[in-house]
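Worksheet for the structure shown next.
Read from first to last, the chains carry the letters A, B, C, D, E and F; within each, the first residue is number 1.
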Amino acid sequence: MKVAVVKETRPGEARVALVPQGVQVLLKAGLSVTVEAGCGLSAGAPDEEYVEAGATLAGSPEEALAGAGMVLHINAPSLADPDELGLLGEGAILLSFLDPLGNPDRIRALASRRITAISMEMVPRITRAQSMDALSSQATVAGYKAALMAADSLPKFLPMFTTAAGTIRPAKALILGAGVAGLQAIATARRLGAVVEAFDVRPAVKEQVESLGATFLEADEEVTAEGEGGYAAELSEDQHKKELELIAGAIKAADIVITTAQIPGREAPLLITEEMVKSMRPGSVIIDLASESGGNCATTRMGETVISHGVQVIGPVNLPATIPVHASQMYSKNIVTLVGELVKEGGGIELDFDNDVVGPATVTHGGEIVNERVKSALEA
Amino acid sequence: MKVAVVKETRPGEARVALVPQGVQVLLKAGLSVTVEAGCGLSAGAPDEEYVEAGATLAGSPEEALAGAGMVLHINAPSLADPDELGLLGEGAILLSFLDPLGNPDRIRALASRRITAISMEMVPRITRAQSMDALSSQATVAGYKAALMAADSLPKFLPMFTTAAGTIRPAKALILGAGVAGLQAIATARRLGAVVEAFDVRPAVKEQVESLGATFLEADEEVTAEGEGGYAAELSEDQHKKELELIAGAIKAADIVITTAQIPGREAPLLITEEMVKSMRPGSVIIDLASESGGNCATTRMGETVISHGVQVIGPVNLPATIPVHASQMYSKNIVTLVGELVKEGGGIELDFDNDVVGPATVTHGGEIVNERVKSALEA
Amino acid sequence: MGELMIGLYVFVLATLAGREVITKVPPTLHTPLMSGANAISGIAIVGAIVVAAKAEGTLQTALGIAAIAMATVNVVGGFMVTDRMLSMFRKR
Amino acid sequence: MGELMIGLYVFVLATLAGREVITKVPPTLHTPLMSGANAISGIAIVGAIVVAAKAEGTLQTALGIAAIAMATVNVVGGFMVTDRMLSMFRKR
Amino acid sequence: METFIELVYLLSAVLFVVGLKRLQSPATARGGNALASLAMLLAIVATVVDTEILTWTGILVGVAIGGLLGGVAARRVEMTDMPQLVGIFNGFGGGASALVAIAEFTANPTVGMGTTGVTIMIGTLIGAVTFTGSFVAFAKLQGLMTGNPITFPGQNPFNLVVFLGVIFLAAASLGVALSADPMVLFWIFLGTALLLGVLIVIPIGGADMPVVISLLNSYSGLAASAAGFVIGNMVLIISGALVGASGLILTQLMCKGMNRSLANVAFGGFGGSAGVDRAQIGQRPVRRADAEAVAAELGYVNSVVVVPGYGLAVAQAQHELRKVGDLLEQRGVDVKYAIHPVAGRMPGHMNVLLAEADVSYDKLFDLDEINSDFGSTDAVLVVGANDVVNPSARDPDSIIAGMPILDVDAARRVIIMKRSLSPGFAGIDNDLFYMEHTLMFFGDAKDSMADLVREVRELA
Amino acid sequence: METFIELVYLLSAVLFVVGLKRLQSPATARGGNALASLAMLLAIVATVVDTEILTWTGILVGVAIGGLLGGVAARRVEMTDMPQLVGIFNGFGGGASALVAIAEFTANPTVGMGTTGVTIMIGTLIGAVTFTGSFVAFAKLQGLMTGNPITFPGQNPFNLVVFLGVIFLAAASLGVALSADPMVLFWIFLGTALLLGVLIVIPIGGADMPVVISLLNSYSGLAASAAGFVIGNMVLIISGALVGASGLILTQLMCKGMNRSLANVAFGGFGGSAGVDRAQIGQRPVRRADAEAVAAELGYVNSVVVVPGYGLAVAQAQHELRKVGDLLEQRGVDVKYAIHPVAGRMPGHMNVLLAEADVSYDKLFDLDEINSDFGSTDAVLVVGANDVVNPSARDPDSIIAGMPILDVDAARRVIIMKRSLSPGFAGIDNDLFYMEHTLMFFGDAKDSMADLVREVRELA
C-alpha cells in the first residue's frame, strides 16, 4: 500500500509528519512511501535523505496523493482552497491531528468522503500508547519553547548574578497548568535559573511539580478537579473563584507567567483576569499556551503579542513548529508506531476497531462517524 | 553640580545610563540630578521612580542638558542630526562608551568643544575598578543573551530528552573566545543542557572554561597570544592558520557557534571561513558577537541574520539593550561608582588625573586629547 | 589451674576473638566465608592423626583412618573450593 | 603445658580479641574510649591487693599500699571521668 | 620440643584468626584463605612431628582418599552447586570430630562421668548431628530429596523427646543412669544422635539450607573444640571455638539478610522452594537488603546499570546518585544509566534530573541502546522506578502490555530502591520485586542513597 | 573455691571485652563503661575473697586515698582538661603495675633469670616508663612546662643508649651480667627506666600529646599484663592484653586521623604549641587542620558562612559543598553562602555553580548583605577563594586596594580550603592565612570536601 506525505500547508508550519528514519520503518513493514519533494526541508530532512531511506519523490501534492491508501499529516488537510481534502482518494486512511471536538465540519466532510480518519488527539493515554502520543510529544516541545520564549522576551535575566555591578535577583516564574507542557516549562525555566512556582487542579501534580524542584502553589482550601484519563475537569464556579484568588495573590510577584491549562473539548479556563495583568510589573511576560483554545488570560490574542498594562501577553500559535527538526522526529516516531498498529504481517492493512488504540482513535470510517465522543459532541 | 541623563537615541536602545537607585547615590554625594522624562521607561524605570528618588524631570533633552556639569550616557552622543553633542555645554564632563579607538572623529569633536570625555571602555581592568567596568557588565548580558538567542533560533532542542517518541541528543555548542561574554555564553548554554566546547588564545582561559564544566578545545600545537591587561593580542599568521585548522575540525559537529573574539583597538579576528560555514549542518546557528567590530565569521553581516549555506549566521547589534532592565541597573552601578572617583567630599568635582582609574579613562580634557593610546591611535 | 579450666579460658577467649572477627561481612562473601570457616573446622584432622597414631586394635585404627579421611576431605576440599569461589572476585 | 605457655596462649588470644574489638571508632569517641581502656588497665589493683595481702615487712607493705592507692586512682577516676565525658553525648 | 610444638600451634591459631578476618573483605579474602590453609598445614605438620606414628600406611591411605575426594569434588563441581558442596564437606568435618571422640571412648569405655567422659559425649553428639544434618541438607539442595519442608504433626515435641533421649543415653554411657554395657549404650547413643541430625534438618525448606549449613558449620567447629578437650589439644580447642563463634555470627548475619530470626528458620517449616520470605509487606515475600549489602553488591562487580525513575525525582536524590556513580567508577566499576522513554512524569524528566547532577551525557543510554546489555550486566540499581521495569508488560493481558520495558531482570543481580512495595503510576504489582535475584532496598531514595554513599566509600 | 574464683575472673574478662566493644558507639558507650566498671568490681571482690588479707587497714587506707583522689579529680576537672587527666590516671595505673613487680622483686631479690624474673623486669620497665611519661605528658598539656618539643642534638642516639642501658641493668638485676647486689642494681634499673619515660615524651609537642597518652595507655595495659605474669593471675593477663592491643589500635587510628605515622609522632619533634605546624610551604607559619578537625569546627557551632571562590569552580566541588551544607543544616547549624561580586572569573560564576548544585537562592547573600554579620559568625569556610577575602585590600598601597572584601577575619574561626599557599588572580599574598584564628585545610577542594562530608556525617 502506498503511504503519502505532503508538505504541510498551514502557514508557519515547518514540521513534517514523517522523517527519513520513519520511512525505513514503514518500508520494512511492507508499505511503500511517497513524499512530496521539499516537504522535510525546513525540518532538517532534505529530499536526498528521503530517497536514501527508500521513499519515492513526487513533484506535487497531487502526484504524491494519487492512489495513496494512507496519508500522514500533522495539521488536518484544509477544506478551503486549495482543497487538500479533495485530493484524498475515497477509502483512504488519514492519520493527523484533526481537532475532532473543535471542528465538526471537517469531520463531517471526512465522513462523507468515506475516508478512514484517525485522529492523533484521540489516541488514548494508556501506557501502551505512550509512544503514539503526539499530543505529549508536541506539548513537550511547546513547554520547552514557551520557557525559552519567555526568557528571550523578558527585559531581565532569569538566573541570579552576584557581580561587581550589583546583585541581580533571580526572576520568578509562575506556571499555571502543569500537564506535559507545563512540567516541561517548569524544568526549562528552572534550568535557566528562575525561581518557579506552579499550580494545577489535579492533585497528583503537586508531587510532580516538586519532583522538578519547583514549589506548588498551595490554596488554603483545596482547589481540585480531576477528570477522566488523567485530564482535568472543569471547576465548579466556587472552586474557580478560589483558584482566581489564589492566582491573583501569586501573580504580582511573577516576572514570567506561562499558562497551559486546558480541558479536552472545552474552551480553556480563564485563569488570569485583566485586573491581574494590571497588578503585574511592567515588562513582565505572560505566555499563554492555551491561546488556540481561547486562552487562559483575558487579554490574550491568538498569534499576537499584545502589551497590556505594560505586560507582554504572548499568545503563540503552533509553538512545536519553531523546533521543527526535533518536533518532526518525535511526531514521526509517534505516527509510525501508530501505523504499526494497522499493518498486518506482510504489509496488508487491517483496521481492527477492537484494538485499544485504533478503536478510540478512529473518528470516521466507511462514511460514518464511528467515535462515540465525537458523535455526541457533533450532535450537541 | 547638575548631572543630566537623557534618553538614548540610538535605534533599538532600551537601556538608560542611570537608574533611580543610582540617583539616590549621586544625591547623597552632593550632586543634583535631572533626567529626561521617559528616559528609563523601557528599562523598567518609570518617571515616578526617578522623582521619588529625588531627580528633577525635564521635558526635553535640551532642557535636561542645559547647564549640566556632567552628562551620563551609554552610547556616545551622536554628531549627526539631531546633534546631541551640540547640546553639551563647554567644559562639561561626559561619561559614556565612546569607542575612542574606533571613532576618531567623535574624539576630535569632543576635544574641540573642550568637553572632558571619560570613556567607559578605557576604565582600566584593575581589581579596584571592577565595579566600574561597564565592558564586563555589558558583556555579561551579551553572553547570556547570545546563548538564549541561539537556543531560540535553533530548530532543535538543546538538552537531551529520552522520551516515548525517541531520544533527542543534546545540542553541541562551540564558543570561540572565552572572555567575559564567552564564559557567560558557556554557562548559559550549559544550563540549557548543551554540550559545550570552547576555545581562546589566552592560555589562562583553559582552566576557566573547565571550571564551568565545558571542555577546552585543545590544539596539537599551542595557539596562544596573550596581550596586555588580560586582553588577547593578535596572532601571528602561522598561529592564525593553526587556529583556523583547529576550529575547522570542531565546527562540523556544532549546532551552535557563538563567537566573541576581540582584540582591543583592532578588527575582530576571522575565526570562521565560509568553507567552515558550508561544512556545518543546515539549520545550525552562528551568533557572532564581534559583528560590530567586523565579525569573527566571514559571512556575518552586522545587525542581520543571513542564511549562508543553510546556516543561520546572526550578527546581533547591541545585545545588552535586549535585557534593558538589568543591563541598565549594572551600567548605572558602574557609572555611579566611576562618578564617585570624581567627587570630592561635599559635592565638588575634582579631576585627578593621577587617580589610577580616572587618569587612564579620560580621553579629552581642556581641548586636548589626553589619553596617550588614543592619541597615538589617532595619529596612526 | 586445672586442664579443664585452662581449656575453658582458651575456649572462651577464642570464642570472643571469633565473634569479633566476623563483624560485618557483605552478603556476597557469606558463602566463601562459610566455606573458609568450614575448612578450618577440618582442624579435627589433628585429632584424627593423634587418634590414628595411638590406635590399638582394628576398630580404633579403622576409626582413626576414617576420621583422617573425612577430615582431609573437609580440609582439602574446603580450602580449594573457597579459593575457587574467591578467584571470581577480581581485585581492583 | 607450662604456666608461661598457658599465660602466653591467654595473652595472645586476649590481644587478638582486643585488636578486633576496636575496629572503627568515630574520632569523637577517641578520648572516651582511651579513658575507658585506661580505667580497665587499673586492673593492676588486683595485683596490688595480692601483693599487699601477702606483704612481709614495711617496704613491701608500703609498696603494696602505694600500689593499691595508685591503682585505685586509676580505676575510680578512670571510670568516673569516662562516664562524665560520655554523658555529654546526647542521643540524637 | 613440647614448647616448640605448642608455639607452632599458637602461631597457627593466630593465623586462623587473621585468615578468617581477611575473608571478610573481597580485596583480601583470597589471601586470607591461603593463610588459613597455611595455618592448617603448620598444625598438621606439628602434630605429625609430635606424634609417634604407629601406622603410617593407614594415615597415608586416609589422607590420600580424603584429599582425592575433596580435591576432585572441589574442582569439578558447578559454581551453582557450591552451597551443597560446602555442606557435605562440613558433614565430613563433623564426622571426623565425632570419630575422634568415638575412638577415645572405645579406647576406654569405662571412662565414666568426668571431664573426659563428658567432653567425649559432647564431641560425639555434636559431630554426629553435624554429620547426618549436613547430608540431609546436601540431599535437599542437590535435589536428591524434596526441597520442601518435611513436617508431621507433633514434630517439635517429638524432636525434643529424641533430644532428651540422646542426653539420657550419653549419661547412661558414662555409667550414670543404667548399668548396662557402656559400649552398647554408646552405640545406641550414637545412632540416636545421628537420627537427631536428620530430624533437625528435614523440617527446613531447601531455600533456607544455606543458613542451616552455616549453622552446622558452627556446630562442626564446636565438635572440633570438643575433640580438642577430649585429647587435650589447644589448637583444636581454639580453632574449633573460632569457627563455632564466627559461624554463629555468620548464621545470624544470613538470617538478618533474609529478614528472619534463627528460630524462625529452625522451626518455621518455611523456605519452600527458593529463599522465600513471607514478610509483612505485600502478599508475596521479598528479599531485603540494607545499604551495606547493596554497597558490596555494587562495589565488587564490573558493570552496574542505574535505572532512575519517578521516585528519584520525588526524593530529589540525583546529587547523591551521582556521588554513588562517581565512587563506583573510582573503584573501576563501569556505570551506565538506562533512561526509559517514559520514566518520570514528563518527557525527559530523568534527563533534567541527571543534567542537574551533571551526569555526563555519554553515560546515558536509552532503552534500545541498552536493553541487549542487561544479560551481561552484573548488577542493576533501580532507583524509584517501577512500571518501566515491570516484566508484566510482556504479558499481553496486563494493562501495561505493549509498553517496552527495560529488561533489567536479565541482569545477574537487581537492586530496587523504593519506599515500599506500593505500585507506580500504572497501579499494578511488579513481579520483579519477588524474583530470586532481586534485593529490595527500602527507604526514601535520598536517605538510602546517602547511606549508600557512605557504605561504598567504606568498601575496601 | 579456686575454680569459682577463676570463673569469676573469666566472667570479668568477658565483661571487659564486651564493655570495651560498647565504647565504640555513642549509643552504647555509657553502658559499656558501666559494664567495664562492674567487671572491675567483680575482679576486685573475687581477689579480696580469694586472698588472705593480712593488713586490712593498709588496704583500706590505700583504697580510700586513691578513691578520693581519683573521684575528686574526675568530678572537678574542666572538660577541656580531660586529656591530661586521663594521662595522669594512666600514669598511676602504670605506676601500680610497676609497684606490684617491684614488690615481687623485693620479696625475692635473687629470683634470677627465669620466667618470673623476666616478667618482673618487663613489668617494672613498662610500668615505670608509663608512670613518668604520663606525668610529662600531663605537665605539657597542663602548661606546667612548655608545650613545644624539647629537642637537643643527638637526642635519638642518646635515648637509644639509655634504652639499651635499661635492658642491661634489668639483665644485671637478674644476676646475668654483673655480680653486684641485685637490689642495688634493681634500684638503678628502676631509676633509669623512670628517666626513659621522661626522655621519650619530652621531644613530642603538646599538640601530639593525646596520641602519646593513648600510647602510654596501651603500655599501662602491657604493664598490667606483665604484672599478671609475675603473680600468675589470668584476669590481669587478659585485661592487660586487651588494653594493650586496643590501645595500640586506637593510637594508630588517632595518628591516621592526623595523617601522621606513629614514628612521625614519636620522633618528629612536631606539634609545637597549639597545632601550629611549621610546614614547608610559605615563609610564615600557618595552622593546618584536617577534615576531621574542620568537621568538628563546623559541626558544633551555631552559624557557618561559606565563601566560595574560583577554586571551588576549578575543583568542581559544588555538589560536595552542597552536601556539607545540608549535613550541617541537619545538625541545626545555620549555613549561609557569601557571594563576593568578583569571586570566580566571570560575573555570576559562583551563582552558576551553586545553582548547579541546587543551593537554594535564599541562602545566598552578597557582600553588602552579609559583611556586617561576620562579627557574629562562629565559623567561616572559605572554599578556593583568596583575593576576595584578602584583608590587604584595606591597605591603600595594595594593588587590590579599594576592592571591597568579605570581612571574614571578623568571624571567630576561619577555615580556608585550598591546595597550597599560592596566591590567587591578583598574585599577592594573603595575611588571612597566617592569622591566629585561621586554619588552613590543604588539598584539592573536591577531595577535601568529600572528606569533610564523611567526617561531618561521623560527628555524634
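Please note the rule applied: a residue touches a chain if its C-beta (ideal position, glycine included) is under 8 Å from a C-beta of that chain, and two chains touch if they have at least 3 such contacts.
The structure displayed is predicted, hence computed values, not measured ones.
Common neighbours of chain C and chain E, by the contact definition above: D, F. Think of each touching pair as a link: the shortest run of links from chain A to chain D has 2 of them.
More C-beta pairs touch across one of D-F and A-F than the other; that pair is D-F. With every chain reduced to the mean of its CA atoms, the largest distance from chain B is reached by C.
Because chain A and chain B carry the same sequence, their contact can be compared by residue number, and over half of the numbers here are used by both.
The distance from the centre of chain A to the centre of chain B, with each centre set as the mean of the Cα atoms, comes to 39 Å. Mean C-alpha positions place chain A and chain C at a centre distance of 72 Å. Averaging Cα coordinates per chain places chain B and chain F 57 Å apart.
Centre-to-centre spacing of chain B and chain C amounts to 81 Å, using the average Cα coordinate of each chain. Residues of chain C in contact with two or more other chains: 1, 9-10, 12-14, 16-17, 20-21, 23. Residues of chain E in contact with two or more other chains: 13, 17, 21, 234, 238, 341-342, 347-348, 352, 355-356, 358.
Looking at chain B, residues 130-131, 136-137, 140, 159, 161, 163-166, 168, 191, 193, 213 sit in touch with two or more other chains.
The list of touching chain pairs reads A-B, A-E, A-F, B-E, B-F, C-D, C-E, C-F, D-E, D-F, E-F. Here chain E touches chain F in the complex through residues 319, 322-323, 356-358, 453-454, 457, going by the rule given at the top.
The part of chain F that touches chain D in the complex is made up of residues 13, 16-17, 19-21, 23-27, 29-30, 32-34, 36-37, 39-40, 43-44, 47-48, 51-55, 58-59, 61-63, 65-67, 69-71, 73-75, 77, 79, 82-83, 85-86, 89-90, 92-97, 99-100, 102-104, 106-107, 115, 210, 213-214, 217, 220-221, 223-225, 227-250, 253-254, 257, 292, 296, 455, 458-460. Residues 14, 42-44, 46, 130-131, 133-134, 136-137, 140-141, 144, 148-149, 151-152, 154-157, 159, 161, 163-166, 168, 188, 191-193, 281-283, 322-326, 329-331, 333-334 of chain A touch chain B in their complex. Those residues of chain F that touch chain C in the complex are listed here as 2-3, 6, 10, 13-14, 17, 21, 234, 238. The part of chain D that touches chain E in the complex is made up of residues 1-2, 5, 8-9, 12-13, 16, 20.
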